[in-house]
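Just passing along the structure, written as structure tokens.
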Amino acid sequence: MLKLACFGAGRIGQVHATNAAAHPDVDLVYLVDPVDTSTRNALATQTGARIVTPQEVFDDPQIDGLIIASSTDSHADLLLKAAQAGKAVFCEKPISLDFALTRRVVAAVEAANVPCMMGFQRRYDTSFRAVQKRIASGASGPLEQLTMSSRDPSPPPRSYVETSGGMFRDSTIHDVDMARFLLNEDIATVYAVGSCLISEDIGAAGDIDSLMVTLTTPSGRMAQITACRRGPMGYDQRLEALCAAEVLAVENQPQHQMTIARPEGKTTAAPENYFIERFRQAYRDEIHAFVDLIRDGTAPLAGIRDGYEAQRLVEAALVSCQTGAPVAFGADWQPAQEDAHGPA
Amino acid sequence: MLKLACFGAGRIGQVHATNAAAHPDVDLVYLVDPVDTSTRNALATQTGARIVTPQEVFDDPQIDGLIIASSTDSHADLLLKAAQAGKAVFCEKPISLDFALTRRVVAAVEAANVPCMMGFQRRYDTSFRAVQKRIASGASGPLEQLTMSSRDPSPPPRSYVETSGGMFRDSTIHDVDMARFLLNEDIATVYAVGSCLISEDIGAAGDIDSLMVTLTTPSGRMAQITACRRGPMGYDQRLEALCAAEVLAVENQPQHQMTIARPEGKTTAAPENYFIERFRQAYRDEIHAFVDLIRDGTAPLAGIRDGYEAQRLVEAALVSCQTGAPVAFGADWQPAQEDAHGPA
Amino acid sequence: MLKLACFGAGRIGQVHATNAAAHPDVDLVYLVDPVDTSTRNALATQTGARIVTPQEVFDDPQIDGLIIASSTDSHADLLLKAAQAGKAVFCEKPISLDFALTRRVVAAVEAANVPCMMGFQRRYDTSFRAVQKRIASGASGPLEQLTMSSRDPSPPPRSYVETSGGMFRDSTIHDVDMARFLLNEDIATVYAVGSCLISEDIGAAGDIDSLMVTLTTPSGRMAQITACRRGPMGYDQRLEALCAAEVLAVENQPQHQMTIARPEGKTTAAPENYFIERFRQAYRDEIHAFVDLIRDGTAPLAGIRDGYEAQRLVEAALVSCQTGAPVAFGADWQPAQEDAHGPA
Amino acid sequence: MLKLACFGAGRIGQVHATNAAAHPDVDLVYLVDPVDTSTRNALATQTGARIVTPQEVFDDPQIDGLIIASSTDSHADLLLKAAQAGKAVFCEKPISLDFALTRRVVAAVEAANVPCMMGFQRRYDTSFRAVQKRIASGASGPLEQLTMSSRDPSPPPRSYVETSGGMFRDSTIHDVDMARFLLNEDIATVYAVGSCLISEDIGAAGDIDSLMVTLTTPSGRMAQITACRRGPMGYDQRLEALCAAEVLAVENQPQHQMTIARPEGKTTAAPENYFIERFRQAYRDEIHAFVDLIRDGTAPLAGIRDGYEAQRLVEAALVSCQTGAPVAFGADWQPAQEDAHGPA
């Protein structure tokens, strides 16, 4: 039995802790969350984990791996400590909203050579992964053009926006990661436009709520992202991959299979409403992948370098959006120091 | 150029006359309709046909073929006259609501050996025909179970019902014909249930508005028909053919390709609203088939014998519905004389 | 915490035991299965249940409820013992393949007044249940015509068929139960046809593999069932409910959301492959309903009387199929003694 | 009866001439095509039009309107002559591949004030038009993000590419026109990327075969176009309009309604294969609109100014694609003289 500890008992922490506890080969020993809430305590009871301080986790040599599902501003520090302690780690994105700090964390994790997996759960979703596998199998021919739609059911509250790093860093990071996953090639140029069309609160927080991104690769392949903080049909996560021999698409997953046909037409159910529901299976598979990583060294679908590259890409998108010019995204491109942290 | 005459300038007569006039190899010479309406006269103008009496048509030796799209009670007489005159004929269903008369007409047409095609337009619809072709090709394996849905957008007026022969003879005849087309085997048993659920007017006219039919074949294959005089989603004509290797289906054809996604789900357009719109292509292809029949002797998809067998089947369904027992439908089965005409 | 025992560690026993163990308010104390298999023992370990004899379960006064997921021929005896012991019981269908025994069991369970729930899991499926709820809400208007499709991915082995009671009793029982659930009215007539079209093994076992059933109600409403032991597209469980104001349908649930578009068309994923996967959520909700029944007396969606009526209906269907005549299905209809047990 | 003349007896000329001849209020008097082909002559026979020289058309004072469906390089000259002759004109896009000449033609047509309609048929397609109407009705709320897919079934031959003006001017002009139609606002920036991924012939002709375009408006709304000269699923013309209250989409129109379900999934028919089939209804409605323009002065959905603006936009996209920078697209933006003609 692998012994794991989970940091964070919020929405995503609950998902990971529950999945870890349900894994037949995992003993979820510790739960870390400084805030004494009833949900935290219920989660501890349900999973059989003991609520401890971070220090107790790092002091226990029997702990095989850490799940970092705590607030974004704690990720970097926990990753650095995990690297120091030589613990395997599964960390939610992003590494840090401060890009310079992200760089330091990546260097430390890579130097320590600890097993590390980043929480880009979409890579583990059966449908998105099936697209990647099918392209990798050669059955589709080369991917030429990728089009992605990414919309939340409703805009987040202003308080969330203010600490989120902005829409690019908070949300679009998943989309550029998926683009990297499928294109499987370096990115050559990044162009982004954005505006605040739907939420005055978001505008007041200095952020945008609607954006489009265009990526190109050195070989001339292309990807487009359309994203909005509000989807009138609900949580809307789709893509379409034009390949030489066929077009692969990921459609939304309806909440159920009942349809209603009336004089005005036939209506299918709305999509699974948000990421917890939509990516239920993906989150479960992530924990399985983390176990496989620790136990067998099986490479995860997203490692620390993928977390870093996705952050570089959204920094470039942010720069493009702010300057109005595309960014030539070489392997060495870095955001200028003054652009690399704080709200978007 | 083939010289044709069209009987009937009503809804279906307009369709056939227009299609005939547009056929590059057809000269629509005559239009016959005793009622002097503006639509009749406009149709004559548009198609370039001359309005004449039936006698003038039969007296003209240059006429190659007749399209019988006049009222149901005129079909038998016109078919008999066509047989006598040796004219090729394309006749809308049914031959007659009086089954004994139907028998006599079939005998006369077959004895005269005139080219004859019955207006079961669904056989000419691209989608329904594609199912038949695919089964015939062997790609699907044997057809085992056939399920059909058949619903009108809204119930007909009482006056129509009273002269229609009833729902089986008027409407279900198309469904049993399609079952014959796809099963391509004799029918062994016919079982039908029916009731009046939606329209008091229909009930007052002594007819039903909702029915289900089950057919079996000697080899044990089966077909079910669900039919209603009212479809809440509009005109609803679908089927599903379970074959050994695959399931073929004909779905409804939406009126357009715009979809609307809202919080309550994604809505596609309602089906093409009624038979004139839904079977536009099929009616066009029927005229082409009639031309090919006259000119080249190409067998049509539905001949006089198909018209006869479909009528026999709906008579059997009517008997089953009235008696509550299945009908053993041998090759010699005939409705009893007293059941064979008049309102259902 | 409610204390439960589960009889049966086979396919469906594993589902129920796992769901019971995962329920926050349940302590799965015992697992009963006489056959010492590694899956049984692993299930005990995973759920924390102790493997015991039936007697130990009935001797333990602290046990609040029984889950009967053992082989069909054990259901009746366990139900009788549960009634005697005053235990709440959740039993997989059928009560017994011997109809006379079924009658006795129902009488005993009703006399003992123990909480009893039958395992018609489809009633708990979100989509099927949504149809029932919507009809019950009045939003759809009265249900007029119900059409159901029910196909397994592939035929069962001959050994299974021989002890299954035949296709009607083993499989169609779910469909007639759903028809009862949605029609919510007595059944007036039952007509069934069946044949052996796809499997020589099934024919050799004296059973059929393809069938169609027609049900009517006293008010003239109708239902049709099309069923086959083999679905070329996989596990195929759909229905369509024509109501006065709208048509409700339950479509299959695809295995994932990736589509592939090629020159020959656009392909969506095959349905969830079999009942364990397709009804995963329904099985989970059944255990929740069983807990609610024991704890709060909340009526389940299917009780012992529903189990009895569904069995009566499939016996009537079997009689109709064998005699070729519809069965007038009054409240007192019973199968003749000699028809009421043994293989179909 | 309006008297019309049609220039061009090629693919699109045949469509327009046939539709004009079938219009009840049109007399198609002349057909102009200098090349003596059997299709030209058959078209004349079928439509009853006389084959004449351009001069004969312009000399006939009774001609009410001209349909310009001849080769692209003849459009400008015919438009200028129509303006001079005071004839109403319906002209296929583009006005000219030489932007300076386009400017002169637009000035002349507007000065002459002749009724003029440009052939952007997609505006007349029921589905695309339904999106525009619904947005205009206010039911959808403001359009925020528009995403368009535009793919031909297969790449054109090199000879076509060499005289086409390139992919932007030849094909993307339809997409930017649709963007203008739906956004109904000025365009602020144009960004385009393109490459040659699928056809060496196209690359050898100096053109691209794959492109993406991003448009923004002054109010911050956005549109993206993904286009390719080859669609693995066939002719692929879709869009999605994210509005505040709902998402409108135009899906492809399948060739028929038969679906095939097999173990690997359910397949719907491929889209109507190319523009003649897909836009059959739109082309018919265009001729009706041209008649309404001549007879009643009803403004067409696309006039000469729309043709001009669509050309300006594709010139800007071409500049962006060549320079790698977005173009600030003010009302006065013009391509530099040296960019404004010749192959892309």
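Residue numbering begins at 1 within each chain, and the chains themselves are lettered A, B, C and D in the order written.
Definition applied: contacts are C-beta pairs under 8 Å (C-beta built on N, C-alpha and C of every residue); 3 or more make two chains touch, one makes a residue touch a chain.
The chain lineup, named per UniProt: A, B, C, D = Inositol 2-dehydrogenase.
Bear in mind the structure is a predicted one, so any value in this text is a computation, not a measurement.
Counting only chains that touch, the fewest steps needed to get from chain A to chain C is 1. Comparing mean CA positions across the assembly, the chain most remote from chain C is D. The greater number of contacting C-beta pairs, out of the two interfaces B-D and A-B, is seen for B-D. Look at where the CA atoms of chain A average out and do the same for chain B: the two points lie 58 Å apart.
Work out the mean CA point of chain B and of chain D, and you get 41 Å between them. For chain A, residues that reach two or more other chains under the stated contact definition are 232-233, 245-247, 260-262. By the touch criterion given at the top, residues 22, 24, 46, 126-127, 130-131, 134, 245-253, 255-262 of chain A touch chain C in their complex.
Those residues of chain C that touch chain B in the shared complex are 141-142, 144-145, 147, 149, 151, 189, 191, 193, 195-198, 210-212, 214, 216, 220-222, 224, 226, 228, 230-233, 236, 240, 242-247, 324-326. Within the complex formed with chain B, the residues of chain A that make contact are 232-234, 254, 260-270.
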